[in-house]
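Look for subunit A in each of the two complexes below; its partner is subunit B in the first and subunit C in the second.
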Partner chain A sequence: MAEKEYVYYAGCSQEGTAQEYDTSLRVVLKTLGVSLVEPEDWSCCGSTPAHTVDHVFAAALGARNLAIVERMGRSEVITPCPSCLTVLKKSHIRMVADESFKKQVNSLLDEPYNGSVNTKSVLQILYEDIGLKRLGEKVTHALPDMKVAPYYGCILNRPPEIAQFDDPENPVAMDKVLSAVGITVCDYAFKVECCGAAFGVAKREMVNKLTYKVLSMAIDAGANCIAVACPLCQQNLDLRQEQVNSTMGSSFAIPVLYFTQIIGLTYGFSPKELGLDKLIVNPEPVIHSRIRVEKKEVGTTDTQKKVKREQITHEGIQ
Partner chain B sequence: MPLCSKNIDNGHAGVLIDKLSKRECLMDAINLTETIDVSFIEQVKKESGENPSLCYQCGNCTAGCPYTAFFDYPVSQIMRLLQAGQKDAILNSKAIWLCATCETCTTRCPCEIDVAHIMDTLRIIARRENRVSEKDIKTFYDAFLDSVKEHGRIFEMGILLSYNIKSGHLFTDAELGPKVLQRGKIHFFPKNIKGRETIAGIFKKFLEKSKEHG
Partner chain C sequence: MRVGVFICHCGNNIAGTIDVKKVAEEVRKLPGVVYATDYMYTCSEPGQEEIKQAIQNERLDRVVVASCSPRMHELTFRRTVEKAGLNRYFLEMANIREHISWIGEDKELNTKKAIDLVTMAIFKAIKNKPLYSTSFKVNKRVLVIGGGVAGMQAALDCADGGLQVILVEKNPSIGGMMARLDKTFPTIDCSICILGPKMVDVAQHENIKLYTYSEVEDVKGYVGNYQITIRKKATYVDWTKCTGCGECMEKCPSKNAYDYFNFGVAPTRAINIPFPQAIPKKARIDKNYCRQFIKGKCGVCAKICPTGAINYEMQDEIITEDVGAIIVATGYGLIDLEKLPEYGGGRYPDVISGIQYERLLNASGPTSGHILRPSDRTEPKTIVFVSCAGSRDKSIGIPYCSNFCCMYIAKQAILTKDHIPDSQSYVFYMDIRSPGKGYDEFTRRAQEDYGVYYIRGRVSRIYPKGKKMVVRGADTLLGTQVEIEADLVVLGTAVVASQGARELAEKLHISYDTHGFYVESHPKLRPVETNTSGVFLAGANQGPKDIPASVGQGSAAASKVLALFSKDMLESDPAIAVVNPNACVGCLKCLQTCPFGAIQEEELRGGKKVAKVIQTVCAGCGVCTSTCPCGAIQLQHFTDNQILAEVNALCQR
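Entry: the complex of A and B
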């Protein structure tokens, strides 16, 4: 398959607390023949704080980046972060729909945005452009002990008029992508319940209470780990899991992985290459049984019988 | 003044109401005639582009709102207060600041009102009028935006330190420090983008225009 290049807007978290999301999606996309080019000198989208100030101001912080993509002569940009995705899409959609809004936004920018760039999530291009078949073809390893609750978070698919992808109440793209690489996913009722979003610092207890529900529902669904597609969800569920335990009197120790890390594990990358050493809750219990599989056997029921059992060593995970 | 009356003391309903009133009064009584502000309804309509009068109080937004347990007024009551032009009650509420824009209300509204966008608009108006019922939340947002203005991208450690100093909660998330530092998840120094003056320019132009328009 010829290499396909995407314009990739990483977003600030992917350079800091969520760097393992960036690391893992890069190796996965490379395996799938996808290369990434970044908008030169991209800036923060403004996220939630900007839209508490003003609609035009918030759209300007997003549109500056869309203008850079336009300057590259490109009409599509992808981002892993649902918050960046929402800001970029809302900026675009509102500017295209309302000429006077567009004028006001552009009056704040040095380089105007003309309204020609569509934004998609990394999950969306994996699902729609790469496709489930090709995702499955690259699998070299199975994770027989892993039972995943796919957690989409609040805004990856909502509101539907902005997200324009998958279902707003019961999204399935991540379930299907993970199933395509041979992972067992659980029916999970809290796929889109908000985790507490950006309130972790200022309203910690509130976030801990919301996160408690998300974690306990995943365990009730039979999951032994959670897959996420959002850096803020990951932070609230993983980094703050001990806070949840102390606030709520629980004793959770459920690993929270980026869905791209899980795909990477099935493609045979080492835990280190996928940034699993960056996770707070140790994922070792759910990945220690990783086994090599022969290509044709992926997805068959007797996979485990035929494979050469290969225990993965976990030096450097924690 | 609580809405639920404690004077009804005869019969089963009276006992029930009495029990309810002791446990929790749902909301304070508001004299609509004295406090209605019609221009506020128009302002929110104009700034949000949404029509709050389409709301028929089905309560679907509140039923799905993950934050409703923390709100002083559930989101459907904010919508009702808005229809009744209750500017003060709304702008002084905690609800508008505790809303995370998770978009559940917008997604589920049978009248297709972008409720989250209305909440956003109300928060913007409250901020503009300097009525901030949840100061810590605003302090965090401001620390975040200062970082964007200064560096072009956010500097996570700087935001947390700035928040801790400005909010007076000096040890917020201090216990998370070792976890993120050990794993190299957080940087000690900011990364400035080349065009950071263009970002500062967005802030500057926005402030100038806001002053022009009062």
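Entry: the complex of A and C
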């Protein structure tokens, strides 16, 4: 497959608390023949603080980055972070729909944004552009002990008129992507339940309650690990797990991985290469069972069959 | 030619944004116009009197009225000019209300456009020819489509009035949705107990011919003379032999057939009688589940049937019936649970719809009237009702209220307490809509006497937790979030158009709205008529309606048919296509394009073949006139010359 290049807007978190998201998605995409080019001089999207203050200002922060992409002569940008995604998409949609709003926003910018750039999440391009078949083809390893609860968070596919991707109430893209690389996924009701987001700073108690619910629901569904696609969700579920345990009296120790880290594991990358050492809750218990599967240029289903067979052997040994 | 022009103010409706005096003044200058005036309400009695006076005093021979849409008052003014001695087709109308004053704000531009439209009407009026209607015989039989309570009421009223009625029902039994209900609000009387006698009356009435498990395939003709093609679907059981004993149903080994009557609350057999009171009480084989059809072998029912009624070779039967009028009473459907993912609809067995709960409450339902939740057949103690599940929700394209959910939820909550005295019901609601007679008292009774907790707010999510279903929502009166651990959740699912409603509308040439509900002729003043003469509506196919409203409409539609059939002859509309045999070259392109089958080939003396319009069948749509390559077909009252006169009038200005 010819190499495909995407304009990649990393977002601030991926340079800070979520470096491992960035690292892991880069190695995964490289394996899949995708190269990334970053918009030069990109800036913060403004995230939640900006639009709580002023909508025009918030849209301008998003539009500034879209304008850079536009000047690169490109019409599509991808981002791993749902918050960046929402800001970029919302800026674009609102500016295209409302000419006077567009004027207001552009008056704040040195270079105007003309409304020609579509934003997609990394999950969306894996699911829609690269496809499940190709994702499966690159699998070299199986993780027979891993049972993942995919956690999408509030805004990766909502509100539907902004996200324009997957089902707003019961999304399936991450479930399918992980299944395609041979991972066992658990169905549960809290895929889009709120984790408390940025209230982790202002109202810690509340966030502890919300994350408690998500974690316990995932565990009740039989999961021993959670896959996320959002740096803030990851932080709340992983970093705050100890806090949750102390306030709610629980004793959770469930690893919270970026879904790209899990894909990376099935592609044979080392935990170090995927930044697994950056996680708070130790993922070792769920990944120690990793075994190599015979690499064959076959379709998804065959790979899955192969993985399944390996699982059976593995269980036999134990 | 002496033309009189009457410009209506329509109060402020027209005069507010059109300078009516100026319009009158300008058109008075046109050749042929001898009289032009404006009047406050031209449709009023003095307004009409003025037209009559002017016709006599000014010896007018053409009249132009500029006012509202001809759909409102064309008939009024046609009668007016006729009373004054003119042919009714010498009247021409210019619609300056709907086409100008209601939609444009600029008075100057509006006035200019009004002058244009009135001028066009004047030039057409001058070219108008006198037309005379002929009369034709009426077939005094009526087709009723749909055997729910509205259709049954319409059929019975027509039949009692002495008309022959053909009642077509697509399901194996008549009864419709009402037959599935346990009790009815606000009187809590047993639904089938009050409906059953009506169903029996329908079956036994000498004037009613009943076709169940049948559908209308095709409709041809016009008011007074329709030809209906009906498909009688194969039941694979000879109903002349079937006694409804039900032995086949007991012995049928295919036990997982979908139960349409019970909305899938529990499975039924591949051969089944939908419910004990079914009319006709006959068995039918569901081909999708029958082993004989799937695997090619079984034959248990054929062996067991004491009368040898089973016939696996049965084919659909096509029947034709001639009628003079049609009452459409096709009822409603309900939104699929799968379309409500936020409530876990379709994902969790203990989230069910209101109609499914109705079947759980009902003694003839799959649980014999014991409330047992689908997942583990245990008795629920905490039941949560969610009203507006899908209704009033723009995000799924259903902005309207489903009308009767508030009431049946109150009823079901009351019945729940009767069935399970130690149960607790909760109702999440947006507003309580109970405007009927005794309705509000009823919802209050649910709260005050039966201890049902009403929580004002919407439900955000329903999810399983162990054996319970957690219902999370807002209590907007307390301003808090509430979570209820329920054993069973009942959704008051949105009412939608019935399946196939659009297709049937197209066969009948009647209109439907964006939601698939049929459109009445006038929302207030012609509530059971359609814009197709001879086709009437009754019940919830126009929009969600409860039983009293549906029954009322059934009777109303019947009275319309009885009034229509009170005459032996009907007058035809002379505004139809006419062939000029001298110009016709006999290519018969018109015959191929006519959507009503109103054109046939005719051989003249000397062997020349030409097209001929069947007067009574032609609907005056005009498709043939634009098809005809040599202008030999002219639509009366809309001839090429008349239309061109209008175009010329506009272009010369």
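To be clear about the criterion, the second predicted complex is superposed on the first by the 295 of 318 C-alpha atoms of A that agree within 3 Å, B and C clash if a C-alpha of one lies under 4 Å from a C-alpha of the other, contacts with A are read in each partner's own complex, and residues count from 1 in each chain.
The rule we apply is simple: a contact is a pair of C-beta atoms (placed from the backbone, for glycine too) under 8 Å apart; a residue touches a chain by one contact, two chains touch by 3 or more.
Note that the structure is predicted; figures quoted are calculated from it, not measured.
Asker: Should the pairing of subunit B and subunit C on subunit A count as a clash or a fit in the superposition?
Answerer: Once both complexes are aligned on subunit A, subunit B and subunit C clash.
Asker: Going by the contact rule set out at the top, does A:A50 touch subunit B (first), subunit C (second), both, or neither?
Answerer: First partner only, subunit B.
Asker: In the overlaid three-chain picture, which partner chain does A:K278 touch, first (subunit B) or second (subunit C), both, or neither?
Answerer: Only subunit B; A:K278 stays clear of subunit C.
Asker: Is A:I130 touching anything from subunit B or subunit C once the two structures are fitted on A? First, second, both or neither.
Answerer: In the superposition, A:I130 contacts neither subunit B nor subunit C.
Asker: When the two structures are laid over each other on chain A, which of subunit B and subunit C touches more residues of subunit A?
Answerer: Counted on subunit A, the partner with more touching residues turns out to be B.
Asker: Contact-wise, after the overlay, does A:A218 reach subunit B, subunit C, both or neither (first, second, both, neither)?
Answerer: neither
Asker: Between subunit B (first) and subunit C (second), which does A:N170 come into contact with in this model arrangement: first, second, both, or neither?
Answerer: So A:N170 only meets subunit C here.
Asker: So, does A:A189 touch the first partner subunit B, the second partner subunit C, both, or neither?
Answerer: Second partner only, subunit C.
Asker: For A:C154, using the defined touch cut-off, is the partner it touches subunit B, subunit C, both, or neither? Pick first, second, both or neither.
Answerer: The first partner, subunit B, only.
Asker: Determine, for the stretches 56-64, 92-100, 128-136 or 200-208 of subunit B, which one clashes with subunit C when the structures are superposed.
Answerer: 56-64
Asker: Considering each complex separately, which residues of subunit A are in contact with subunit B in the first and with subunit C in the second?
Answerer: 160, 168-169, 193
Asker: Applying the document's contact rule, which stretches of subunit A touch subunit C when the two form their complex?
Answerer: Going by the criterion above, the answer is residues 160, 167-170, 189-190, 193, 217, 220.
Asker: Can you list the subunit A residues touching subunit B in their complex?
Answerer: Interface residues on subunit A, with respect to subunit B: 12, 15-17, 19, 41-44, 46-57, 60-61, 64, 107-110, 154-155, 158-160, 168-169, 192-194, 196-204, 206, 209-210, 239-240, 242-243, 277-278, 280.
Asker: Report the residues of subunit C in contact with subunit A in the complex, numbered from low to high.
Answerer: 341-342, 344, 347, 395, 461, 463-465
Asker: If we count contacts the way the header does, which residues on subunit B are in touch with subunit A in the complex?
Answerer: 47, 66-67, 69-70, 98, 100-104, 106-107, 114, 116, 120-121, 123-124, 127, 134, 136-142, 144-145, 147-148, 152-154, 156, 160, 163, 167, 172-173, 175-176, 179-180, 183-187, 191, 193-196, 198-199, 201-203, 205-206, 209-210
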